[in-house]
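Chain lettering (A, B and C) follows the sequence in which the chains are written, and residue indices restart at 1 in each chain.
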Amino acid sequence: MAADWILWPILTFPVLSAGLCLTLHSPQRILGAVAFLGFLWALLLGAVAVTVMYLGTLSAARHWLTLDMLSSYHLLIFGMVFGASSLYARHYFSFEIAHDEFNLEDGRKFGALWFGSGTAMVSVLLCNNLGLMWVGIEATTLLTAFLVCAHVTPLSLEAMWKYLVVCSVGVAFAFIGTLLVAASALELGLAAEDTLLWTVLDGSAERLSPGPMKLAFVFLLVGYGTKAGLAPMHSWLPDAHSQAPTPVSAILSGFMLNAALYCIMRYLPLVEGATGHLGWGRALVTLLGMISMVLAAAFILFQHDGKRLLAYSSVEHMGIIALGLGLGGIGTFAGLWHAMNHSICKILAFFSIGSLGQLYGTHDLGKMAGAMRRSPLWGLGFFVSVLILIGSAPFAIFMSELQILRAAIHQEAWVVLAIFLAAAALVFIGALKLAIAAAWGEEVVVPRTQSSSIIDVLLVIGALGLLLLLGLWLPTPLHGMMESAAQIIGGRP
Amino acid sequence: MNHPSLIEAVLVTVVLTNLQLLGSSRLKICIHMVGLQGIVAGLLPVLLDHEANPLRAWLLVVGSVAIKGIVFPKLLLRVLRDAGVCREVEPFVGYILSLLAAVSALMFSLWMGSTLVLPQAPVGTTLMAPVGFTTILVGLLVIITRRKAISQVIGYVVVENGIYIFGVALVGGVPMLVELGVLMDAFVAVFLMGIAVYKISREFDHIDVDRLNRMQG
Amino acid sequence: MDATALLAPLAALVLAPLFLGIINRTKAFFAGRHGQPLFQLYFDLQKLLGKGATYSRTSTWIVRGGPIIGLAALMVVVLLVPLGGLSGLVRFPGDLLLFAYLLSMARFFTVLAALDVGSSFEGMGASREVFFSTLTEPTLMLSLAVLAHQSHSLSLSSALGAVTVTSWLQHGTSLVLVFVALLVVCLAENARIPIDDPNTHLELTMIHEVMVLDHGGPDLAFILYGSALKLWIFASLVVGLVLPVRTGVAFLDLGSMLLGMGLLAIVLGCIESTMARLRLLRVPNLLVGATTLATLALVLAVR
């Protein structure tokens, strides 16, 4: 196809940007470059996603790079998350520069790793070869590890160590799974170059050997599940998310988890095809989803730290998406939709808590009382985004959760339904209690002041508006894209 | 040139390095064992010789032996020296229990290898996949039961070695690009973990992972 | 019955004390001493047999019987054990088990006698002896199982007799593992360095020697001769394994085996001279390591 060449610039652009960040001589300039280039790249990604939306699958390098509806939908989410986070990073670190907490060396390291991890995440989406997809996931761990401890403190080192070890080992399991998938395809007699190409495997999923494929899927679920923060493999997640600088937390929560879930989505049709569409793989995914929801709800109830609250909320929402995938049918569509809604809302929540945290010098929600008056913009952003996250109508998250519930009812999965409702209710109570206390409450006097630019206002308004819009009206092309993506995973609406 | 007895010798060496790794109390010996394991495991593709392209196999062997057999041990020894840590392993689980666990892991892997209907691996002995799996389990055991952060890096390398053997046994031919990517990732991971251990030792004055527990809930 | 069948047991009964003598001379050489005569143990035995014995009033017949039963059991074992290609005097399917159980019986009575003496030192030695033997016995059995599996025979003589150059070429790895395991068992069972030091006189660090402190006269002679026989038995297993000379000509086989035994004695002397005794707490590590080696060998063999 004529537009195939476009896959190359979206990979080379961030690499060049990373290089550029290393050559700049002042932290302000680096932040400017990050904001400008990051936003530009996001626009480019958006354009590519729209191209796929209208033209269909793009592929290059003899099908080793492929962008179909599923991956371009995720590319769209990534574009939004990365663009917004890049803009926000400038605001966030400018405050640190003003307080002498961020020097040139930090800036260069941040800029290079920021674009580097972005490249890794996009390459996960672009690689049609399942082995290279794994390489991409592992690369995101390695590149973001040092972003987590951008400020070297005992706590951030501890978080980084756990993140590095748990995710590396977890993802190693995923590689065992990948090898087993290749083994299950041995009987197809493929050439070595084609062994792990997803398009080839998907085309003959029914002929993969079921035994190794089942074993493979267990390993893959544990491996990528670790990276996606599904309980009970989530132990690294709250630490890493709460210690990382806020823009990094936003991109970890907003897209990196989704990238790992995306890998699981790729394997679902393979395992379902190999085991005769009996729902064997889906059942496992559903189980993990439920465990994640319940565990996250329990931890949210007793949480005081705002960023940890959001981190556990990510565990919960990853669980919800997994539930959607596991239920199948309309649930798959709803899960995909939920992924986008969650990412938009979660980055807004992180931006708000990050700015409030800078203002108050802590992320403890109990010490953040009166945030709404202290900083109307971020206070509002935090409060409303938490409201949306816990599922308030008529925002998009409420709508997608409703769709997942519909799928559960449709499948007559009453246990899933009950657990979903119970966990959601717990989260609703726990999070709302904390958010109200933080937003209103007795105002705490703090010495620091903070200025907000027009971009910050646009970020908050834009995210909230988008969430409201998506809740009320889903544009037809986007809807079509999500439906085709759901069909790729195997959900038939 | 398919050498069943040589392959067997290599696999036995791998198992013996695993045992020595679990049984020895010196971090230095552990590091040397990991290096030895990397070298002998790296030789497997040429011994198997089911490669249509011998050049490819040799390239892979040179790459993995250089990284796993030479670079990793050098790096780890350097970290050990720079971090200035006590050279004892200090496991949570005793040496004898670890050894017995390793033997049980081997038994389990063999049992699994015999019951599980894996598609006929291209070539190689029936022992290869179980030994690979055992090595993975031993690596996990090292990660879980050892106190020093550097032991976890060692355990990670052992897991990587195990996956490598497992992969050679199971699939034989994964595309070159993927192999190189995996090797590259392992290299960077160990490199970063080494830096992290060093930073932890600077910041905390120790590298005991059981004392890295400030964040809870 | 073939007269050659008498060769192995006769060699054992006559040459066992000499084997110890060679080890001691090797150790003396490493230490730069002239050392005791090669035949010292024969002189000692002669001297001890000529002495009378003293028994404590609190001890029972077990103290008197222990050394005799122990020696008798070991002498029966000698009848079973082949010397490389020369099979033992007695052979039947299943004599592997008899072999192991007779060894345990000898140990059992030594331990009982040590306990019966009533000294706390000897009780301690007995406890250690029993503990370590629980770790060596599985190793011994697993190693013998490997040999039995490879020869498809449950007789010690046929199992060792089947070890040839071809079997080393075919199952080299597992035989190497068995060799190492058996060597460790040999060192441990016979209270040699690095597990125990036969020369030490610090009761707190001893295992075997401390059990026999209160024996004297003919009893001690039986015990000393018994230990020499035991060392010979294990050494002949090891040599039979590593020297796959099976010509079928009796005197050629015997000559090569005796040469092998001499070499092994020198090797053991070297090991004892160059290594330090392990800390008592470390000994189990070594023994369990040997067990794992034997397990691995069995796994390789049965696969």
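Rule of thumb we're sticking to: a contact is a pair of C-beta atoms (placed from the backbone, for glycine too) under 8 Å apart; a residue touches a chain by one contact, two chains touch by 3 or more.
Not measured: the values here are computed from a predicted model.
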Count of steps on the shortest touching-chain route from chain A to chain C? 2
Let me spell it out: compute each chain's centre from its C-alpha atoms, then which one is farthest from chain B's centre? C
Min distance from chain CA centroid to global CA centroid: chain B
Going by the touch criterion at the top, tell me which pair is linked by more C-beta contacts: B-C or A-B. A-B
Separation of the C-alpha centres, chain A versus chain C, in whole Å, is 67
For chain B and chain C, what's the span in angstrom between their mean Cα positions? 38
Geometric centre distance via CA averages, chain B-chain A, whole Å: 31
Shared-contact residues (touching 2 or more other chains) in chain C: none
In their complex, what parts of chain A are in touch with chain B? 64, 129, 131-132, 134-135, 138-139, 141-142, 145-146, 149, 152-155, 157-162, 164-165, 168-169, 172, 175-176, 179-180, 182-184, 186-187, 192-193, 195-196, 209, 211-212, 215, 238-239, 242-243, 299, 302-303, 308
Contact set on chain B toward chain A in their complex: 116-122, 136, 140, 143, 149, 152, 156, 159-160, 163, 166-167, 170-171, 173-175, 177-178, 181-182, 184-185, 188-189, 192-193, 196, 199-200, 203-204, 209, 212, 214-215, 217
Which positions of chain C touch chain B when the two form their complex? 169-170, 172-173, 177, 284-285, 288-289, 291-293, 295-296, 299-300, 303
So, in the complex, the side of chain B touching chain C is made of residues 5, 8-9, 12, 15-16, 19, 23, 95-96, 99-100, 102-103, 106-107, 110, 126-127
